[in-house]
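Same chain, two partners: subunit A is paired with subunit B first, then with subunit C.
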Partner chain A sequence: MYGYTRLMDHLINELTKMPGVGRKSGQRLAFYLLKADDEYVLGLADAMRRVKEGVRFCGECGNLTEGDICAICADEDRDKSVICVVEDPQDVQALEKTGQYTGVYHVLMGAISPLDGIGPEDLEISRLVERVAEGAKEVIIATDPDVEGDATAHYLAQLLRPLGPKVSRIARGLPVGGDLRYADEVTLGKALAGRTELLGSSDF
Partner chain B sequence: MREIIRTEGVVLKRRDFGETSRVVVVYTYRKGKVQLLAKGARRPKSKFGAALEPLTLGEYVFYYREAKDLYTLSEADIVRSYQRVREDAPRLVYGLACVEAADKLTRELDPDPRSVRVLGGALDALGTGTSPRLVLGHYLLHLASGVGFRPELITCKGCGTVRPAGAVTFSPADGAIVCDKCASGFGDGVVLKPGAYNLLLFLSEVPAAKLSRVKIASGAAAQITSFLLAHLRYHTDIELRALKSLGALVGSG
Partner chain C sequence: MYGYTRLMDHLINELTKMPGVGRKSGQRLAFYLLKADDEYVLGLADAMRRVKEGVRFCGECGNLTEGDICAICADEDRDKSVICVVEDPQDVQALEKTGQYTGVYHVLMGAISPLDGIGPEDLEISRLVERVAEGAKEVIIATDPDVEGDATAHYLAQLLRPLGPKVSRIARGLPVGGDLRYADEVTLGKALAGRTELLGSSDF
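And then the complex of A and B:
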C-alpha cells in the first residue's frame, strides 16, 4: 500500500501527535494546509516558532510571559499579599475572566497525584513557600475540584499555615471532577467569593 | 448482540483521554476491575458529574466496543461520594492508599464481589471516626488474604504453638509468624509486640464496620500497617505511592 507522499505522510504523523487529533483529522488538516495560501501557512509556521522561542514562564509566579515577569506580577495595582494558587496557566486565564480578583497568582504546573507518581517535589512548591514567607497575608487555593486538587490543597494548607497567612480554598459548587479552566466565569466568580478557610485536619 | 452491563463499583483511578474524555478504572461487583471510556467527562456539564472521582462508590452502565478495546461508559450514578474522606487530609491519604492497593493487587476482568465489598467497607469506615491508619491495616490484611497472600497469624511456623504468648516475629519469606523461642531460627522479620499481635488477630476476624469500637495505642496500628506493607512488598513488589508522596500529611511515611 502506498501512502500519499513521503512529505505528506510525515506532516500527517506530526499532526496526529497533537491532543484530540486522530488519523482522520490529521489527514484533513494536512490537506487543508496543502491547499491554503502560502502566506497563511508560512505565517502559521512562523507563529509557532516564535511562541516556542519567545514565551516562557514568569520567574515570580509561573504564569506565561514574554519577558522575565508576567503582566500580572508587573502590575503595581495588584495586591502582592494575596496569592491564588492554581494548577495551570489556563486556570489563571479562567480566574482573570471573572474580573473579581485583584491579587497575584502562583502556578504549580500540575497537582499532586499519588496514583500517577506525581508528588509535591514534582510541582513548583518551593518557590511558593519562598513567596509566602516573604509576607503573604492570604493564600487562596484554587486547585481543581477533584481528588488530586483536594490532596494538593490539604498538602499546601499544612505546609503554608505555619508561615502565617490565612489559607482558604475556593468554594465547592464547582462541578466536581471537571477542570477549573472549563468552568464559566459566573460560577468561578462565585466560588472565589465563597472561599472557605482551611483549618487543621481532624485528629485520628 | 452487544452485552450491556449494569453494576456497582468503586472508582480506583482515572486518566485523561483525548481533549475532554477520561478513562476510569472501576472495581466492579460483576466484572471485577474494568477500564471504562467516559466520553466528554472533563467538561463541567458532563452527565457523569462527580461519579468518576476516585474513592466513589457508584452504579455504572457500560458496554463493550471491540474496536476500542475498552468498555464505553453510558451512565454513572453516585451511590456514596465519601465527601468526609476527601475533606480530611489523613483520611484522604489512607483512602487513596486503599484504592491504590486494590488497583495494584487485582487483575482486570477477574470478578471477586467479596473484595469489592471489603473495599467499600474500608471507605465506609474511613468516613466515620475510626482511626484511618487502622482502617488501612484492616483493609490490607483482608486484601492480601483475598488475593492469595493470607499471612499465617495463628500458628508458629517453627514449633506449631497456637497463638503464642509474648512478642511474635513475622517472617515475610514464610508468610507466617514465629514465636519468641523459634525466632532466632528464622531470618529477618517484623517483631510484633503482644498488643499489636492481638490487634492483628482481632482485625483478621471482624469487618471494618466493627473497627470504630477499637481503642488502640497509636503505635500498634502503625506497627500493623508497616508489617502488612512489608508482607505485600515481599510477595508482590508493590509500593504504595499515596503513603510515600503524601506521608507528610499523616505524620510519618
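And then the complex of A and C:
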C-alpha cells in the first residue's frame, strides 16, 4: 500500500495494473486525477465504461467496430479477394494511413509466441482459413517483422498456400529517410536480399 | 483523431490529457482497457469516481484525508509546535517513512515558480501564517532542493521568522550510499558548506 487514504491507495493499485504504469507513475496519475476537474475525471471514467459496452470486434475480420461489421468490411469498394493479415487493430490503422491498400484485413489478435504460451489455437486463425477457402486470390501477411511475427507468417504460409491463394509477406528493408550507416545488420541483410531491379526512371 | 471507432478515439483523447501519456501510450492504455476484464475496467472507473467524491484536503494542514482532519493532525501524540512545510501530500508520505519525525505538517500545494506563473498567493501560505502565529516553536522547511523549492524556502523564512519560531531548512548533501566521485558539483558544494563537526563515536 502507499500510505495515503484508503481510496487513494486503492486507485493507485488499480492504475498500476495497466501496462507501463509503475509505482511512481501510478501515484502521479492518481494525484493528477485527484486535482483535476470533476468533469474531466467523471468523463474519463464514463469513456472507459462506454468503450467496454460499445466497442466490439468485427465478425468478419476482427477489426474494431461499434456495429456487427467494421467500416472496411462494409465498404463495397474494397476488394474482398485480397486479405491483409495483421496482429492487432492498431496495425489496420497504420496500413490505412498509407492510403495505398484497397483490399480487406484479417486481425489475428496477436502472434505465435511459444515463450508467452501463445499457440496458433489462441489466434483468430480458423476464421481466416474459412475466409481464404471462400475464394481469396491473395493473402498478404503483415505481421510484425520480429521473431513472433516471422514465425506466424511461416505457419500461415504453410497452412494457406494449399488452399490456392498467392501468399506474400510485406517487404523488410531500410526505412525511408533512414541512414544506411546506422542500419542494423539484420535489416541491411534483408534489404540486400530483397533488392529490386531498377528498370527505368519511374522506379524513384 | 485516431481512426478507430468513435468511442475508442474519445477514450484515447481523454487518456492523453493525463501527464506523461502521449499518443502512443494513450493508444496502448485504451487497447489494454478494451481487452481487459469488464470487472477490472468498471472497478477502475469506480475507483476514480470515488476518489473525486471521497478524498479531500485536511482543513488543518492540507494533507489528504477522507474526513475533515487528517490522521496526523488528529494524532494527540504528534507535537503540534513543530511544523514541517512540504510542497505536496506525496512529500508527507516520504517523510513519514523515515519514522523519525513526530511533529505535524503543512502542505503548500506547490512551490513559488514565476516561470509557471505560480506566486505566493497561489499556495496555502495564509493558513500556514495563522498556524505559526498560534504558537509554533519551529518551522522546518522541506520544500524540494531545486530553484522553486529554494525560492519558496527563502520567501517563507522572511515571512515567518518575525512571528517568533525557529525556521530551519532540511539539509542538502550527499545521498546515503552515494559515490562522492559521481556527485554533481552543486550538491558537493552544499555538502561541504553544511559539514558537521565530528565529536565522538556516536556520530556514525
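We adopt the following convention: the second predicted complex is superposed on the first by the 171 of 204 C-alpha atoms of A that agree within 3 Å, B and C clash if a C-alpha of one lies under 4 Å from a C-alpha of the other, contacts with A are read in each partner's own complex, and residues count from 1 in each chain.
Assume a residue touches a chain if its C-beta (ideal position, glycine included) is under 8 Å from a C-beta of that chain, and two chains touch if they have at least 3 such contacts.
Treat the numbers as computed from the prediction; the structure is a model and nothing was measured.
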item: More subunit A residues in contact - subunit B or subunit C; value: C
item: Subunit B versus subunit C as contact partner of A:G135, first or second or both or neither; value: neither
item: Partner chain(s) touched by A:A183 [first = subunit B, second = subunit C, both, neither]; value: first
item: Subunit B versus subunit C as contact partner of A:P120, first or second or both or neither; value: first
item: Contacts of A:Q93 with subunit B and subunit C, given as first, second, both or neither; value: second
item: Touching partner for A:L7 - first (subunit B), second (subunit C), both, neither; value: second
item: First (subunit B), second (subunit C), both or neither touched by A:P19; value: both
item: Which of subunit B and subunit C A:A151 touches, first, second, both or neither; value: first
item: Which superposed partner A:G164 touches (first subunit B, second subunit C, both, neither); value: neither
item: Residues of subunit A at both interfaces, subunit B in one complex, subunit C in the other; value: 19-20
item: Subunit B to subunit A touching residues, read off their complex; value: 12-13, 15, 18-20, 41-46, 48-55, 86-93, 96, 99-100, 103, 131-133, 241-242, 244-246, 248-249
item: Subunit C - residues contacting subunit A, complex; value: 2-8, 10-11, 14-15, 17-20, 25, 27-34, 38, 40-52, 54-55, 64-66, 88-90, 93, 96-97
item: Touching residues (chain side subunit A, partner subunit B) in the complex; value: 19-20, 112, 114-120, 146-147, 150-151, 154-155, 157-159, 174-179, 182-184, 187, 201-202, 204
